[in-house]
């Protein structure tokens, strides 16, 4: 390779890198723009020219949203339902994943197929009957009602099964030789060995649940029970008809998960790839 | 310390029989090696003793107690796994104590046993580390320690050295042998490495194709292999086999050479003549040997030299020469057989040894 | 392994029973109930009369169903393949970077994925606002005529697909990055010793080795996008819902707005079948491709 | 000792009983009132709560106007999770009654409230009456009006001496007024919510009404020349768009923003935006403005109006809460003079006939239009966010913005309406 062609390749590489950077910045720009707009007074927001930084920096929309609206309530609802859904999904899925992976019992195969099949089936089509069911159980407008249909999460089971499958058989046998019962094997050996997986799955389940819209939107008819994801689009007295305060509420709704992501970036990305690791 | 008796035990996986009516008695305090190629059933047999595989038929007595239906934890045996199976999230101490805590042993007693084992294996300093912070050799010790603390009737080893590098393997081999002498406990050791088998065991059980081919001391199986399989499997480089026919106290090989064979075979027939390389010598002068051939490859191993020779009929044979052998590839050499170390094998693989 | 079959079955039963209860309640039972409901004229809540296949035959000539069906198909076409392509290109770009720079750039691309859909809606509704959206000012500067993006049928679906790609792409990017990292460096080293050019390197090495990830990403996207609702619903508010209908939206409209549980269930069953058929076809195709290799 | 104990428990019991008797009744209230009128409604609620402290508390929630609100109401009634009282568009009452969403307001209820047919205009009373039974208590009527920027109009020379826009009695005249504004550099002579067909329904329905047209006659949609009348209405608006006289693809908040920022000189919007203007003006942030009845584009005056009313959702309700709810409705009506500052025309007769009301501005300027108000057809298919609304709005948007031919749009509308 001659020196000039090497330089040429470096140049091309440099351009690609630069392009990637520019696109990345443009990509995130709407987020930046939303945040900046929410920090402007309403009359500044609708000025007919581009103003990349507020002339008058104001937190009035945030103060308004936090003090005058039910956003605090919605936060609590979102946290409670997302945490609840995460804990329940993780714990039940872990048990099933373990049983599928390590135990032999009648109808094990059909059960596994049922779970795989439910991965394909759109839960969105079940909204009508979920609504009827939850209504009949008297669980509309309750955290339990919001959580219940979110527990269908075959991906978590499948990932757990795959991870338990990958644990060398020796560990199980060593534990059996060590007189450990089935539950001790699960909770003292397999679970602790897979903490990384559990954390990762918990993170994605939490994000999914926090972000879920359709079901919480249907299952709640009372404003004080709404999750924040739904609330900011459904209740108008909170924000009037103005743009900046709506954006402030949106920023508040996105903030917890965004912060969680920025703090646990590596874990989250790992979790995402994990959640897609389906090999059928 | 306990005697282990296998009485006609059998096992099948589906319709495939993997262990067929094996009977075997292992004396208390004995170090027995199960040796065989992969798929010979040696691991299965060990796991049947451990309780990790069911015994379909037959009886297993450990220390006189019928154990074939007991769950693994109650057989009073301990096992060291090939990959050690150390629980990665537990410290060395917890790894060793796990089994004892599972049977709700009192904490002071658990601690005493862990300390004793650690001292015996010289790993007191490692007790609070996790497996990921240990070297391969150290992990190996922890795995053994985990077995020792249980003070079992017998130790079961499943190819425990196969994950170590060559030098460490030799050292650990010696340590294991020492440990056995010190503890004087019953040990069953599975390996496919004949050197391990030869160096450590009191007796070797050679398995092939789900059957026991031979049980004997290392020297017995080396000098008087019961079958063609054992003869070929034991020894490195392995025994030479030459086809020929036996008649009236002599073998006629395919290249026409005749070799006197004082072997009590029942009748004249075609046999295979077996002779170890160390019993085949390269002769100085021509015409002195039992046969001759052309040298293809010469391997200088230092204290000895292996000479690969093709006989005139094309069959290959390995001879052993002194450390400073002058033989060159291409040379025509004569070979002399030490006829006291001849073996003959019939078509079924049965062996007759020179008298 | 020595197993006590009875005990093991018992343990398994204990382990799977919470799951079985939940699945029975929230998956099996509602599925059966949905099919049942689709043969009646019941409202959302309450009993109805058995009407046989009426709800299905009515779908055949229904304009709203037509709109919903084709919009869904259109949206899938607009989002799945382009989304996969965009994700792959971005992943290739990101994979060239290293260290903190890579982490930062990846974060910029990934951030949208973790935002709730309602936040995504607010951001883009604002960015593309016909009167005050910053995008329109940019259009003005470039002399392009402003487009009322979410108010025209021409632009609605492409725009929602675009926003969806923006929103969900981070997920696919991560998968592609994982796929790229799994390609051993030796292969590239060997190829560069063979004087392979940049483009050939991509076409003959990276692309074929990325194919399994590409197939996975496409499949996930496909199954996901068939169930689109949230974005379409939100961006349609105050607009032209009947033009922008997609299947799940139509289910919602019939069931919750028009209070026609039976008719909604029929649409749901149809969508259910579509997703199952597409999934199975897709699965078979992938298997076929696998075997051809 | 024993005595003491007995006395103690008697006192305790008495305490319980008195708290039970005086326990505050919480009335759960839903409305869809955002913006300026929302603020005023909140003030009324606060006043009510203050006046009834210890007895009744209104717990109010404001939901997104339109489809979201009515969808929520419908589902929550179906599952018995409804509020105790809610604002309801009178236009939607036929649909609500057909779906059993509302509880009847009985004669006893009216008596309890101290209200009756005589307190309301007959059209208003009729709007809440289905088959002789009432299902809601009308609070107001709220027509749409034409807002205008006096400064801009005056600058373009199209403001009369009385301070109203010129050319209000014909299509040509009004179009001329807009052209004059355009010529004078006004970006949008008319701000219209052209992005939202639901909203534009009001304007278009007014224009159909100005031709004497009807949407439903004898249970059939757009019979006879009614289709043509709808086409005419759409054509007028489309022409304005094509000529650049009207803002295109503008959503609701943008329309208000265009007007208040001076980019649009006039705006057709509901009277409920009056408080927005009043407040801005009072704060010194707004130009001189006015509001008048819609121009007469066709041959007669007609303005679309609807009525905010109070309704009680169907379902079981304990008598105490119901009594409290009735008290809320009665109080609200009797204090609805303040509600008039939200721009609405109170439905309660004694208020509108009062001298205070007569003096209120700008209400007085547009109050003559009450004579020309037209309401939605009384059909379960009509009403805010009802099926007709939905179908029409879908075709209004492309038509108003010049994407679709008016005649074609009407054709499609007829097909879709018959498809329901």
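A few remarks follow.
For clarity, chains are labelled A, B, C and D in written order, and residue numbers in each chain start from 1.
One rule holds for everything that comes next: contacts are C-beta pairs under 8 Å (C-beta built on N, C-alpha and C of every residue); 3 or more make two chains touch, one makes a residue touch a chain.
Source: prediction; values computed, not measured.
Least step count on the touch graph, chain B to chain D: 2. More C-beta pairs touch across the A-C interface than across any other pair of chains.
In terms of Cα centroid distance from the overall Cα mean, chain A ranks first.
Each chain's centre was taken as the mean of its CA atoms, and the one lying most distant from chain C is B. Separating the centre of chain C from that of chain D, both taken as means of CA atoms, is a distance of 39 Å. Computed centre separation for the pair chain B/chain C is 59 angstrom, with centres defined by C-alpha atoms.
With centres defined as mean CA coordinates, chain C is found 15 Å away from chain A. Residue positions 51-52, 71-72 of chain B are each in touch with at least two other chains. Taken residue by residue, chain C touches two or more other chains at 1-3, 44-45, 129, 131-132, 237, 256, whereas all remaining positions touch fewer. The residues of chain A that reach two or more other chains are 46, 48, 131, 135, 173, 176, 218, 233, 243, listed in rising order.
Against chain A, in their complex, chain B makes its touches with residues 50-52, 71-74, 77-79, 81-85, 87-90, 98-99, 102-103, 146. Residues of chain D that touch chain C in their complex: 64, 66-68, 70-71, 74-75, 78-79, 99, 195-199, 247-252, 254, 257-258, 387, 390-391, 393-394, 397-398, 401, 403, 415-416, 419. Those residues of chain A whose C-beta lies close enough to touch chain D in the complex are 43, 46, 48, 131, 135, 140-141, 218, 221-224, 233-238, 240-243. Contact residues of chain A toward chain B in the complex are 168, 170-171, 173-181, 184, 188-189, 192-193, 195. Residues of chain C that touch chain D in their complex: 43-46, 62-64, 129-132, 148, 151-153, 237-243, 256-259.
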